[in-house]
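Below is one structure. I have some questions about it.
Chains: A, B, C and D, in written order; residue numbering restarts at 1 for each.
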Amino acid sequence: METSISIKPVLAIAVSAVSAFLIAITGEKLRNLRETWSILASIFKFLIVVSMLPDILCGKVIEYCLFRITSELILHFRIDALGLFFAMTASFLWIITSFYSIGYMRGLNEHKQTRYFVYFAITLSATMGVAFSANIFTAFVFYEIITIATYPLVAHKETEEAKKNARKYLAYLLSTSVAFQLTAIVLTYCLSGNLYFSKGGNLSNDISSSLLTITFLLYIAGITKAAIMPLHSWLPAAMVAPTPVSALLHAVAVVKTGVFMILRVVFYIFGVDLLKSLNLETVLAVVASFTIVAASVIALRQDNLKLRLAYSTVSQLSYIVLGAALLSPSALKGSIFHIIAHAFGKITLFFAAGAIYVTTYKTKISELDGIGKRMPLIMASFTIGALSMIGVPPFAGFISKWYLSVGAIESDKIFVLAILAISTILNACYFMPIVYVAFMKKSKDSKYNGINEAPIFVLIPTVLTAVLTLVVFLCPHPFIKLIILIVNQTFGG
Amino acid sequence: MIRLYDDLIIQTVCRIMIPLIQLFAFYVIAHGHYSPGGGFQGGCILGASFILMVIAYDINWMKRRFSEKKNTLLMAFGVLIYALVGVLCILLGAEYLNYGILNKIIPTDSVKVRALGTLIIEIGVGITVMAVMVSIFLNLTTFGKHEKGEV
Amino acid sequence: METVIGKYNYWIYIALMMIGFYAMIAKRNLVKKIVGMNIFQTAIILFFISTAYKKDATIPILIKSQEVIDPAKYINPLPHVLMLTAIVVMVSTFGVALAVIMMLYKQYKTLDEDEIIEILRKKK
Amino acid sequence: MNLSEHSSILIVVIPLIASFVNIFLNFLQRKLCYPFFVLVLGICVALSIDILCQVINFGVLRYRLGGWMAPWGIEYVIDHLNAYLIVIVSSMSFIVAIYSKDSVKKEISKAKLPYFYSTYLLLATGLFGITVTGDIFNLYVFLEIASLSAYALVAIGEKRSVLASFHYIIMGTIGACFYLLGVGYIYIITGSLNISDLTRLLPSLYESKVTLTALAFFIVGIGIKIALFPLHRWLPDSYTFAPSAVSAFASATVTKVGIYVLIRISFTLFEPKFLIEMTPLSNILIWWSTIAIFFGSLIAIGQKDFKRTLSYILIAEIGYMVFGINIGNKEGFIGAVLHILNDSLMIGCLFMIAGGVFYRIGSRNIEDFNGLNRNMPITMAAFTIAALSMIGIPPTAGFFSKWYLIVGAVKAGYLVSAVILIFSSLVNALIFFRILEKIYFTKNENTPMYNFRELPISMMIPIVITALAILIIGLYSGEIISSVIKFSLPKGF
């Protein structure tokens, strides 16, 4: 594999860090300028990330060694197709979310908006850092930065409830990462002598299998951001945050960071062969399957719209983990495609939920009767997002489910097919009632009758992501091309 | 506080004894570098003479002759003699406290100058010990009030 | 028997040290604690000095007329010198401790540790 | 005449002289006392850096006091470990000296200030002396100089500090006397007091019970001086009630120097194999320190007083260092020595902040920290950095020493201790995030009481410098290890 050295990854990370600084010194008085920084940074970041695409498509790898702290702890960036794919998804959606945030925060007249935008930008920086990291140490550093930078966002409302939930959020993420992930990293270092992600795995076969199993389980428990049960309950707790945070961070950037790191650990620390020989992939698959079903069942009972979406996220994230656990090329394809499919679908759903809140201050599903007539565009987008989540054909979610199913057959794990089927039904069960009450039922309060859409800054991003969900299904080739590259790089084909 | 009554016998005896005690103290200090004795022992004896003064007369009587400020300064001065002689050796180009080098400024041979250097140090130590002894005694007997002049 | 009588200096130092140690820990009166501290330190000085002792030896002051110096004839001067320093340290510690006790007495009007703690507890 | 030849003695003598010159200045021109005091410590910083450079360039420095040859006269020996310690002690004393300008005004009456400066300089003298000397009895003398000035400094704090100081005297004297007994036994058996001479003489006497007795006395004596867990009772009270500048200075340096003495005794005076292989001592110390870490952290949770919390955390941190020294491998030792630096920065910074908060609101109670961020944003930012470092979040300095300690523990097979180390990180996270939440997300109800601004500049600069140092030194840990710590590794590591 060719390697080219470029400072672009650092730039991509620095852009939003710089913007965070600019936002902080601009402050509340010049709010338009402040928001300009935010939007400019998001666009620049996306452009920088995309500019690396041609090199990656040629099969090159971009590297940059930022800082050698000690002989083994090195801040090192290396961008392969997988990292770039994740970075592109996150940075593209940041542009849309930036606009949405402006509409949402101003629409609700939220307090401390400057702090909000600052930490948002920092989180995105750190997300890029995880995507670009070349070793598990770099990933861990940025992982922790994400945890700490999102804490103020979750506690944003500063009410007792928000503080309580933020405490829970932090307790889960920080304690598991320090207790389990760090231990796992130490064990990795002690076992293999370095911390790099390398193709086909960093750890070798000749180490005692019980130690390897412990390390693997510690990783799975330590990367709590992937919200694998039973360490998932921080994610519903995080829903007290403003909706754009839930949308971008707790449906895309933060949780996908977790999933992304699990992919890295599975394929680049342990490697396919080692996992197969230890039979650990079955453990992961079973845990993920359990999460998929259990989270869906819990989602059925939630009346709060955002909470239902949160549990849906928990369930959907495990699709990606499951895809990784199957250790077959097609499953990995599905898994990676699901990163983008879920990103677009879930962000649409959250945007819609936020839009409803901004216009009507309603958060509960039982209050949504007839909302579809008031806000047809928003609810249409919501429907599209929901259908994509269920996996109905003209939307992106279908493709990932297809590949996952193929992968399940490829690797002889038929129970996965059953899980997928059950989960599809459950998805339909918890999403369709919302669509039903929104369009079919009559509104209870007759005060509002005509169309009363959300503010324009909120509306357009929602519709846009909904349309994109459709577009991804209709022309998936550019994505598939990149994904095939990823699969080739991972499996060495 | 200390002074309960004047006792003629004690005061007279002290009047005779104190100069003798002090003379002996100086003797002990001055012989420290080649026979038993030295700055610490001599300083203690010297300090004892002042303490005797306080016991026999009273604190104010003693402080008129030997004020607290002077005592504090002496305390610092003694240590400074010690430290500065050491630094002087450095300035003259030898190691710290290597008195041999002092023959550059004191015209004797380097063996004798060593003894002389030790003597200077002992004097410094003696002064400090004396001052510290007096200071501890004054502070303890007056509950630290003498600084404010409450005695 | 040899270990008891032949090394009596060690036994004495240990006994003294334990007396001091006991006073430092168990006595509730602060002055008694300090007295214990002094006994403790004195025990150590005794220990050092006794190690320097040699039978039939004299103080280590050389007389010029002596040509040959027999080390066995003189006791070891170094522990004495060390202990001189240790005494200085001891006196300083004693001074500081006494000053602290004075301050305590001024504050609480008592030197009994239990009573002081009782006063502190009441204040809370 | 070349002054830099003499820097190893000058660094002891200059603060000593200055301490007494200060008393003269008090009578001549009182205003000059403070500038003179800071100037002297500034000179010490310069000297210490000069010493470090000399050691790095030319190797071990030896200085014969009074021109006497080594085993007879007192010799000052400075190798990499000493030089490293001297730089830490001198820079912390300088930084806290700047800090003390405004901080002590509220705590000490004006007439006593020059004496405070003098005692402070004496404490510095003692600490420098301990680090430079190569003679175990001379070390005792300096140990007592440092301790005596520390007793006095503690006693000038608030009312309750006097009793704390008394307990400190009793405990400290026992510790020093035990050390002296150790010296006695060593002298009986070898007839020498010079460390390098003893290193040569002792190996043939390892079988002797006297040697073992001496070592036991040394370790218990130093254990009291560094407040290793069951011997720690003097520390929390002393550091809580002492003036804030004294707590900051003493916590950052006194215990660290004690750790240094422990390293010297265990690995220079004796050979590493004596402690590790021939006696069970290092094993005992490992479990002892593990218990110290556990209980220090546990007790710290329950404290309401911020300075007391820090004191107990300090006790746990001392456990870290003792643990790292005794594991008996390279990583553990590096971690411990690195932690000396990191911990003195972190704990110094936190104590200074505690003093700063006390300066403004007159309380050390954690409950009163509500909403401080509004009034003192910069101080609180520094607090955040120090807190993150305490928890061990990369890229702050605290992470790197903890990393080495944990790697060392795992490599040596002390898994329980590794778990306890991580547990203590989690406890720190609990403690500090509880405070951070109060600072950033809780509004204070009684606002009029809190109408104040940031700290005065003389208190702010030291806090900011240490906080930045925590960030920067973390990144240069590798540099520090390869240029300094690597050379101070004991034989056979």
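The definition used in the following text is that contacts are C-beta pairs under 8 Å (C-beta built on N, C-alpha and C of every residue); 3 or more make two chains touch, one makes a residue touch a chain.
Small disclaimer: the values here were computed from a predicted structure and weren't measured.
Q: Pick out whichever of the two, B-C or A-D, is joined by more C-beta pairs in contact.
A: Result of the comparison of A-D and B-C: A-D.
Q: In terms of Cα-based centroids, which chain occupies the most central position?
A: The most central chain, going by mean C-alpha position, is D.
Q: With chain centres taken as the means of their Cα atoms, state the distance from chain A to chain D in Å.
A: That pair's centroid distance is 44 Å.
Q: Distance between chain A and chain C based on Cα centroids, please, to the nearest Å.
A: 70
Q: Compute the distance, rounded to whole Å, between the mean C-alpha positions of chain A and chain B.
A: So the centre of chain A lies 79 Å away from the centre of chain B.
Q: Report, in whole Å, the distance between the mean C-alpha point of chain B and the mean C-alpha point of chain C.
A: So the centre of chain B lies 24 Å away from the centre of chain C.
Q: Mind pulling the chain D residues that touch 2 or more other chains?
A: Residue numbers touching two or more other chains: none in chain D.
Q: I need the residues of chain B touching at least two other chains; which ones are they?
A: none
Q: Two or more other chains touching the same residue: where does that happen in chain C?
A: 92, 99, 103
Q: Which two-chain combinations qualify as touching?
A: Applying the touch criterion to every chain pair yields A-D, B-C, B-D, C-D.
Q: Within the complex, which stretch of chain C touches chain B?
A: Residues in contact with chain B: 59, 61, 84, 87-88, 92, 95, 98-99, 102-103, 105-106.
Q: Which chain A residues qualify as touching chain D in the complex?
A: 67-71, 73, 75, 137, 140-141, 144, 148, 152, 155, 158, 162-163, 166-167, 170-171, 174-175, 178-179, 182-183, 186-187, 189-190
Q: Per the contact definition, I'd like the list of chain B residues that touch chain D in the complex.
A: Listed in rising order, the residues of chain B that touch chain D are 69, 72-73, 75-77, 79-80, 83-84, 86-87, 90-100.
Q: Show which residues of chain C lie in contact with chain D when the two form their complex.
A: 21, 24, 30, 33, 37, 40-41, 44, 47-48, 51, 78-79, 82, 85-86, 89, 92-93, 96-97, 99-101, 103-104, 107, 116, 120
Q: Given the complex with chain B, which residues does chain D contribute to the contact?
A: 1, 3, 6, 9-10, 13, 16-17, 20-21, 23-24, 27, 63-67
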